[in-house]
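Shown next, in structure tokens, is the structure this report addresses.
Here the chain labels run A, B, C and D in written order, and each chain numbers its own residues starting at 1.
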Amino acid sequence: MDPENLLKVKMGVGVLATIGLYSVLYRENKFYRFWEHMFLGLAAGWAIVALWTESLHDDWYMKIVGNGPEGTAPSTPGYWAYVLLLPIGIMGYFVFSRKHNWLSRIPIGIILGLWSGQQVQVWWNRYGPQMADSIKPIIPTTTGFFRPGTNGLDPAQAASINSQVYVSDAITNIIFLITLLSAVSYFLFSVEMKNKFLKNMTVLGRMLLMVGFGAIFGSTVMMRFTLLIDRMYFIFIEFLKNGLFGGS
Amino acid sequence: MFDINLAPLLAQYYVGNQYRDTGWFGVAFTLMIAVFVLFNIARAGKGKDLYIRRIPGLNAIDEAVGRATEMGRPVLMVPGLSANVDAIVVQALNIFSYVSRIAARFSNPILLCCYNAAIYTVAQEMIRDVYQQEGLGDRFDPDSVRFISDRQFAFAAGVSGLILREQTAATFFLGDFYAESLIFAETANSIGAIQVASSTQPTQTPFFIAACDYVLIGDEFYAASAYLTRAPVLVGSLVGQDWAKMLMMSTVAVGSIVGSLMMGPFSQRMAVEEKVEGVWKPTTGLDGQPGPRPVRMDDTGIHILLTPSPKGDVVVDRPPDPDAPVEEAAPVGAGDGE
Amino acid sequence: MAKVERSLGEKLQSLPKPVLYTILILVTSIPQFFPVPVPNLPSKSSVDVFTILTTIPEDKPVLIGSDWTTSTRGESGGLFKAMIRILMRRNIKFAIYTTADPQAPQVAKDVIRVLNEERRVNGQRPYENWNDWISIGYFANPEGTANSINNDVRAAFADKRSPDAAGAMKPVMDSPVLAGVRSVADFSTLALVTASNTSNVTIERVTKVPLVMMVTGVMGPETQVYYESGQLKGLAIGLKGCYDLETLMSRQWPGKEFVNLDNGAKYYPTLHLALLLLIAAVVAGNVGMFMTRKRTVQRGS
Amino acid sequence: MTFLNLLAQAETPTGFWNAPHGSGELWIKIFLAFAAGIALIFGLMAAPARMRRPIVSVFTFVGGLFYVLYYVWPAPVDRQPTEAPLNAAESMGFWLTDALPVVAKFSNVLSGFLLGLGIFSLLRVHGRRLFKMQKDWFFSLVLILSIVLMVVVGYWDWMTRLGENSSRLQDPAKWTSINVARDFVFDGMLQQMDAAMFSLIAFYILSAAYRAFRIRSIEATILLATALIVILSLMGAVEYLWGQGIASMAGYGGDAVAMNEANSFANNFTLTTIRGWIQSTVQTPSIRAIDWGIGIGALAMGLRLWLSLERTGGSS
């Protein structure tokens, strides 16, 4: 089959699959079930392929046997110790054995151990800068209320304006801090909120969290719709308009 | 402004990259949190009874499972889409073993969908454990814990297919969820299942809030198993976590107040020297000439502590490594492809 | 089953899903046949991305993380194209790696092939693989990779191979693109186009090089946090970010020979209608609720 | 320090930990190592029940220890690839830095080995359905066939791309039928289904918003209001018109740009500014708060798992 038609067929199948999966919106039906199972099958098949081609082959097998010389790269020796990972992996397969299923906890244990260690390692990189950034000036350095714009001013003037903390900035920062602190205090579980102030604080925290969630919802909607639009572009423009009814 | 810098005290060069300038603070802070957690675990271990606030979503679990039993329909659980087994998965599975314990007692069918084989392995093991502890080992159907797919949207398609076909009465989505969260939630909602959900991805929480009956926000998820089991270790650790959060809160609060005062209330205080790459240098004024400039937040002690700026051009001479490979100059230009 | 006459309010509150869905399909498909230009004010974070891409030195390569595939081409694809177009116009060499999906490298290559074709048509020099740009390939473990890139980029890329100009497999570090790269700091910037949370992974671990990110609308808010805290130098979010970049590009390169408007311009108008539909639906629901509420109150009194 | 010496630029000296590519010595070492591993399994099978938890704990601890050490152990300052460590402490630091890229791969390789269990689970569920001809057996057949199809096509295609071919086959014009087949199955079907499923969310967002966004409680109202503001600000046209409106009110003849240049106070009321303010003043800290909680939670849980303080599994 010549590439032109092949491409059309390929797109056609894509469109069919899309419609099939969309059909679940109306209700679960055989057509959906067909594509769902094909999807699962292909995905599982691909997982098997990718396991070797994308991961084990380079990260494990080639390490054990090493490379021959390639281009400017001299041959690299094999590091046999990697092979020890295989028996450890095999232990996982004891999970179905009544007697030795505990062995399956060993590979899992190692994976969990590595993960846990990483948490300790990355925690500060992630949260240190966030704390530093959360420290904001909450007292104005001037009595001016709003920060004037700096367009068309000479650098020195602009710099001096930017170095100031205006009343509005201070208020903004205070709101920022209140949000942060009250929201965090909402997540204090072991502190009994007998005190009225603390109680209100956590309630406020929850409210402010909702503002955050609202904003997230808003900006997520954009992407979701974009993807749908892109799908529709694929079906109607790429496949129907340009594909089947050839171009223009 | 005072200089918090251990480097001069310890030998300048061998102190280690991560400790140079104020780098040590981060390590100290992390270790401090570790100490908080471990200390409180020990404390709780001594039988000290510690308080935990009520978490609404969790009281719903029994109700949800109960309802499933009445309807004789299965309970569906998904421990999230973590790429590999991690604490989030284990945490979710801890909650799920609580769920399936109740389900087992009512001999209610369960369905646990796993995103990858490693998760499947753990889940298989944990859930069978539950049934055996309940003395119902024979009632456990290995196929009630399933590997669906390790491809995000294939997984989504498979799970929503299951939800619709099995007509699950209660669904639990706890763990690491991404875009697919809403697919699950809306599908389950369309057949009127009771849903308890939580995602460790803040970005997904609003969708669960929109579509589910009960949502665990943020680390209510981590508090869950402590709340359910009241196991001393978990409760203690939870208290430790609270201490850690309070430490972070106070760091920020104190930092802001002190910093603001240093910048000067209603008038700009001037700084004459600033810390650049770990050493104090005279400042340049706003006009670009050497001279005092207004104090900035990053001149303040706490800020300096939080953001190390180690000296860039440190040179350490070491003996050449006898068995190190000799670096060839990497050939420049398109290689002579033989 | 007996049909009960329902008030308008109740109807508004319970529009059947199939109806909503059908309307959505119509709204998102029909307008695509009639593209119209939309006015736009680029947001600050996108402007920062553009400024960085247009001001980085020509002699230093850019390290690009391309963590997206076909399923998010709507947003990520547009952002990626915009960035590559800018780099190509400035003759900046770039190296692409990915930690998200084994397919990502191929997807990226395809885009570059298309863009090269486009350049050839417009009489510009096509970008040569190996000499002008190189694909380092896929790394299975995001965390570890980010760590080792930051720690020793040569070691991280050491066992990756790529065909050179003559088609012989060579270690990627031999490529002219990466010549003189000793540490990750030798890249002018690390630009990450991602549809997943590899953004966090990278921010947490890569600290030695300025970071610029182009994320999907979903990751936007989460990543915004790091832009605010200065850990990111620039951030383009979703289709808006994409359209922002395209707008800025057409200001910078008004020439006929430059293709500036792409996904952003194609989809942005339709997005408006879809969003309007959402708002309309929400409003309808609430109006309905209030109408029924009123009635019950009247009955009560 | 030859172990883990991964710089591919130069001939790596061989030692105890490695052996030349393709040499008999290497294969013997590999075989011995594997045999030792199997022996280890049998050894563990014989382990008494009370020893089991400690054994697992040890493995877990060692796993975590590496990263913790990597974090706290002084990392060598200004290290050059050709330099030898100055003292014992530093050689440890060197070793940790060298080991990182290697250890980083362990968890993926290990979980990779477990994939078989997942596939086994799939085949058991669907195989049974197929052979017992239960309801929907046909779809199980579809599933199993697609697995086979993808595996065959995928591997075959991969084989054709090994070595020098890989560069040639980057150009679709040179593809053989198997490459085309793989492209068809993978790009034409799998990827398309991904995209389809992903875009499905748009529909659900619409119905969820329609159902849930009712002004019932204060919380719901707040959520709704902010969502609307953000959505509006993402609509370039609306944002633009809004800007014009503000500008004309502020007396700049509806020219938002002029208003901006004139540093008007009214600039604070453009949609972008308002959204920006909400995002940086309320959204950022609230997400950050959640993030902190989760981060601490993960750290604490990490500690508990690493030190095996918590009995994973269904023990209450």
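As a working rule, contacts are C-beta pairs under 8 Å (C-beta built on N, C-alpha and C of every residue); 3 or more make two chains touch, one makes a residue touch a chain.
This is a predicted model, so every value here is computed, not measured.
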Looking across all chain pairs, point out the one with the most C-beta pairs in contact.
A-D
Need the central chain here, defined by C-alpha centroid distance to the all-chain C-alpha centroid.
A
Where subunit B and subunit D are represented by their mean Cα positions, the distance between them in whole Å
14
Geometric centre distance via CA averages, subunit C-subunit A, whole Å:
13
Whole-angstrom distance, CA centroid of subunit A to CA centroid of subunit D, is 8
Out of subunit D, which residues touch more than one other chain, so two or more?
7-12, 71, 103, 105, 107-108, 110-111, 114-119, 122, 186-187, 190, 192-195, 197-198, 200-203, 205, 207, 209, 211, 213, 223-224, 228, 231, 234, 279-280, 283-284, 287-293, 298-299, 301-303, 305
Subunit A: positions in contact with at least two other chains
21, 24-25, 33, 35-36, 39-40, 42-44, 46-47, 50, 53, 55, 59, 67, 71-73, 76, 92, 95, 105, 107, 111-112, 115-116, 118-120, 123, 126-127, 129-130, 132, 134, 177, 180, 184, 187, 209, 212-217, 219-222, 224-225, 227-228, 230
Which residues does subunit B have that touch at least 2 chains other than itself?
27, 30, 33-34, 84-85, 87, 90, 118, 121-122, 124-125, 142, 150-151, 153-154, 157, 179, 187, 202-203, 205-207, 209-210, 217-219, 223, 238, 241, 245, 248, 330-331, 335, 337-338
Where on subunit C does subunit A make contact in their complex?
17-18, 21, 24-25, 28-29, 32-33, 71-75, 102, 138, 140, 143, 159, 161, 164, 168-171, 174, 200, 203-205, 207, 216-218, 220-221, 225, 228-231, 237-240, 263, 266-267, 270-271, 274-275, 278
Could you please specify the touching residues of subunit A with respect to subunit B in the complex?
21, 24, 27-28, 32-33, 35-36, 39-40, 42-44, 46-47, 71-72, 92, 95-96, 101, 104-105, 107-108, 111-112, 115-116, 119-120, 123-124, 127-129, 131-132, 134-143, 155-156, 159-160, 163-165, 173, 177, 180-181, 184-185, 187-193, 209, 212-214, 216-217, 220, 224
What part of subunit A is in contact with subunit D in the complex they form?
6, 10-11, 13-14, 17-18, 21-22, 24-25, 33-53, 55-56, 59-60, 64-68, 73-93, 95, 100, 102-103, 105-107, 109-121, 123, 126-127, 130, 134, 146, 148-152, 172, 175-177, 179-180, 183-184, 186-187, 205-222, 224-225, 227-228, 230-231, 234
Touch list for subunit B against partner subunit A, complex:
26-27, 29-30, 33-34, 50-53, 55, 84-87, 90, 118, 121-122, 124-125, 128, 142, 148-151, 153-154, 157-158, 160-161, 164-165, 179, 187, 202-203, 205-207, 209-210, 217-220, 223, 226-227, 235, 238-239, 241-242, 245-246, 248-249, 251-253, 255-257, 259-261, 263-268, 286-288, 293-294, 296-297, 300, 302-303, 306-307, 331, 335, 337-338
Subunit C contact footprint on subunit B (complex, rising order):
153, 178-179, 190, 201-203, 330-338
